[in-house]
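Look for chain A in each of the two complexes below; its partner is chain B in the first and chain C in the second.
Up next, the complex of A and B:
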């Protein structure tokens, strides 16, 4: 689990995120994002890799999924996703109109787990 | 929506691959999902965190790797000065879909060692709660995780992962050895077994639900 770093020339996180050093508070490991629209040619290489993951995808990905797929540190991906949400390239999934406006997440999780056994 | 555990699925090798050839395969979150939640599975090395996540996950569990600097408390970035060492911490995670596909519940395995505290603050933020796995052959290995959770005020339940041949002790002795609060649930599970693992998660979630009701009452007083 813990060993010596594999890459002595590891790119510093703030280089990968083009200077941004903090993630948005609402962008967590489990936060699911979907692709919106917008040109990607002005984005940095890592941000473009994130956007390429969504090409043709029918669904979203959580920050953790992106970190695993691209083999990037989750802390870096949180910041990349924050920037891409600010620029409108990514967005949070929005509930359908007939969805309940709000529901109790914890109770739904409990009900969901119980229904699986 | 009907989701089967990933390990039961005949098509589990047929995951959607990322567009770029070098990316590792990832299963997309169904478009029906509008909310997500997170439960952290913690515990010492080799206690069965990854096994439990693999038992209940509906997608093939994935791994993230975060480089962290060691022996550098108070230093906030990776400047890489020669006398500092960086280790890579691996975190496995899985996912369950529920509520007719509206909710994705992520399960993250977090290493319990206290030297990973910087990671905890970031990764446990927003978690519903934590399931601490323990092994009766090495109960001390749980102490770091329990200390981190107590320090961060994250509610948790403890599940003894019943390894074949591991000694069993009366509950009172286990509670004392782990220094558990009387209200903290203590249960047993076989992390290799899906139903058993789900029961441990249900025990945690029931406690979280009661815990929150109690907290609400306290605020109103």
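Up next, the complex of A and C:
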């Protein structure tokens, strides 16, 4: 028998995202998002699970990390995060220009990483 | 002498005359008598002839006519004209009586015959009817058997394939990151899930059990699983129902029955109206209530529905009719074989129809009793992460137990998942929503991980720039290669010397497991 024996998704992804199938362009797997404070009562079960991950985190979480923690497909989490950003529960940290690492430095790091692999 | 002679002669003469008179008289007497006799003989001859004719007539015409039943067309003599010659004779009387007697005898015989024939006919008909009924029943049994086998074969095939399709899609949405691929996969998945619902319905009607097994599951997820199998699920509104956990063996049945009821509710309500799911916890049972704001089911249809749901023939797939309405039949069959109840009432508060799934307590797992077990597992976890880590460990245990269940499932296809389900049932409630007790705020120190063990990406401190290539604007968004590199990187970093898998095909799993820190990861991956 090919493939896994049990479907990991008893609840299908489109139900989790409440029918939304497109993520926002600016929400990528590598995007980091931060939580806003506010009530989460009106949110769906999965959105609430996402918000719960931020409990105790004084900073942002990467979308890929959220997906891994919730064991959900990355695309589903991108959409969930998109909806949460639309509703104002999450936001992406706007970095000041001088706060970002130097482009040359990033290039250097990338080269270093490649040489490691 | 002469005198003597004369005297003698006279005497003689007188004697002669006397004799002559006497003889003459006698002769006349005899002649008269002879005439009388002749006349009598003639009359008798005539009578005889007449009687012969009469009897001939009787034999040739009257009796056959009487035998034929033509009694009514003639008088009491039965059409027999008794000749005048016979008038006054007893023969005439007797002859006149003959047709009546014959007719009566014929009538009697006929009545008896008819009665006997009727008896025989009734008997024969009875036997024929019994035979026919027996044969009919047999043919019916056979045809039901044949139809069942056909439907079962077909439905099981479709169920197996669409379940596999569903699993393939689940893998696909983890593997492919592109928006287009996701949209397409999700659309395919929605169709496959609806196919699965229809096909499993038919396989239940054909007498099979549901083949898919799940661990104990919260009502929230049961409702959402049911929503995934129908069209128009976006209109369904439901609250969080994580406090009620349904035992594993009943999960698929409840999901299926609920999907059918939700589908009905959506179908019979206006396209813009919501369908509301709510939960009522009684003392002996939990009531999962589906309210629609649609047309109220009229009494006739309610009656029909309750007939369908209680009918003896509800599982007879040869009596579904030209427009098979299988949903309610399936729901009621499932309810019966898995020990819950389905009820329909109308009108509800929205003037629509209310459908109810009544889950008795023995199908409900107590979420409270499930807590201690996963906590015992969290032995190596740092204290700050204890609560959430517990939940994750529970997840992993559940995942592994599920596999065990699955391996055993083929061995006992229809029954007794009791043994493997038990541990699952006690653990699973910890799966997702039971993580309600959110991590204590005390753990919110500026640590590098969240309470759940995730790496916090902090802008200001940014101790390792290499670990944070966040949002490099010159890269294409969501490009698989980027995600793959990301995932492979995190994985490499976490797992140290373990060999790196090929990036292309493991993107999904790698990303998924990227944040894992416990050694359970590998086992869990195999479980997928």
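Side notes on the structure shown:
Note that the second predicted complex is superposed on the first by the 91 of 117 C-alpha atoms of A that agree within 3 Å, B and C clash if a C-alpha of one lies under 4 Å from a C-alpha of the other, contacts with A are read in each partner's own complex, and residues count from 1 in each chain.
Convention: contacts are C-beta pairs under 8 Å (C-beta built on N, C-alpha and C of every residue); 3 or more make two chains touch, one makes a residue touch a chain.
Keep in mind the model is a prediction, meaning the values are calculated, not measured.
Legend: residue contacts after superposition of the two complexes on their common chain; A:74 is shown touching both chain B and chain C.
Applying the stated contact rule after C-alpha superposition, one finds that A:45 touches chain C and leaves chain B untouched. In the superposition on chain A, A:22 contacts chain C only, with no contact to chain B.
Contacts of A:111 after superposition: chain B is touched, whereas chain C is not reached. Within chain A, the residues touching chain B in one complex and chain C in the other are 2-6, 10, 12-14, 28-32, 49, 52-53, 55-62, 64-69, 71, 73-75, 78, 93, 95, 99, 105-106, 109-110, 112-113, 117. Those residues of chain C that touch chain A in the shared complex are 163-164, 166-168, 170-171, 173-174, 176-177, 179, 182-183, 186-187, 189-190, 193, 212-214, 217, 220-221, 224-225, 227-228, 233-234, 240, 242, 392, 395, 402-403, 406-407, 432-433, 435, 438-441, 443-444, 446, 450-460, 462, 465-466, 468-472, 477-478, 482-483, 486-490, 492, 500, 508, 511-516, 527-528.
Interface of chain A with chain C (complex): residues 2-16, 18-19, 21-23, 25-26, 28-32, 45, 48-49, 52-62, 64-69, 71, 73-76, 78, 92-93, 95, 99, 101, 105-106, 109-110, 112-113, 117. Across the complex, chain B meets chain A through its residues 16, 18-20, 23-31, 33-38, 45, 56, 62-67, 77-78, 80, 85-91, 93, 95-96, 98-99, 102-106, 108, 111, 122-123, 125-126, 128, 195, 198-199, 201-202, 205-206, 208-209, 212. For chain A in complex with chain B, the residues that touch the partner chain are 1-6, 10, 12-14, 28-32, 34, 49, 52-53, 55-62, 64-71, 73-75, 78, 93-96, 99, 103, 105-117.
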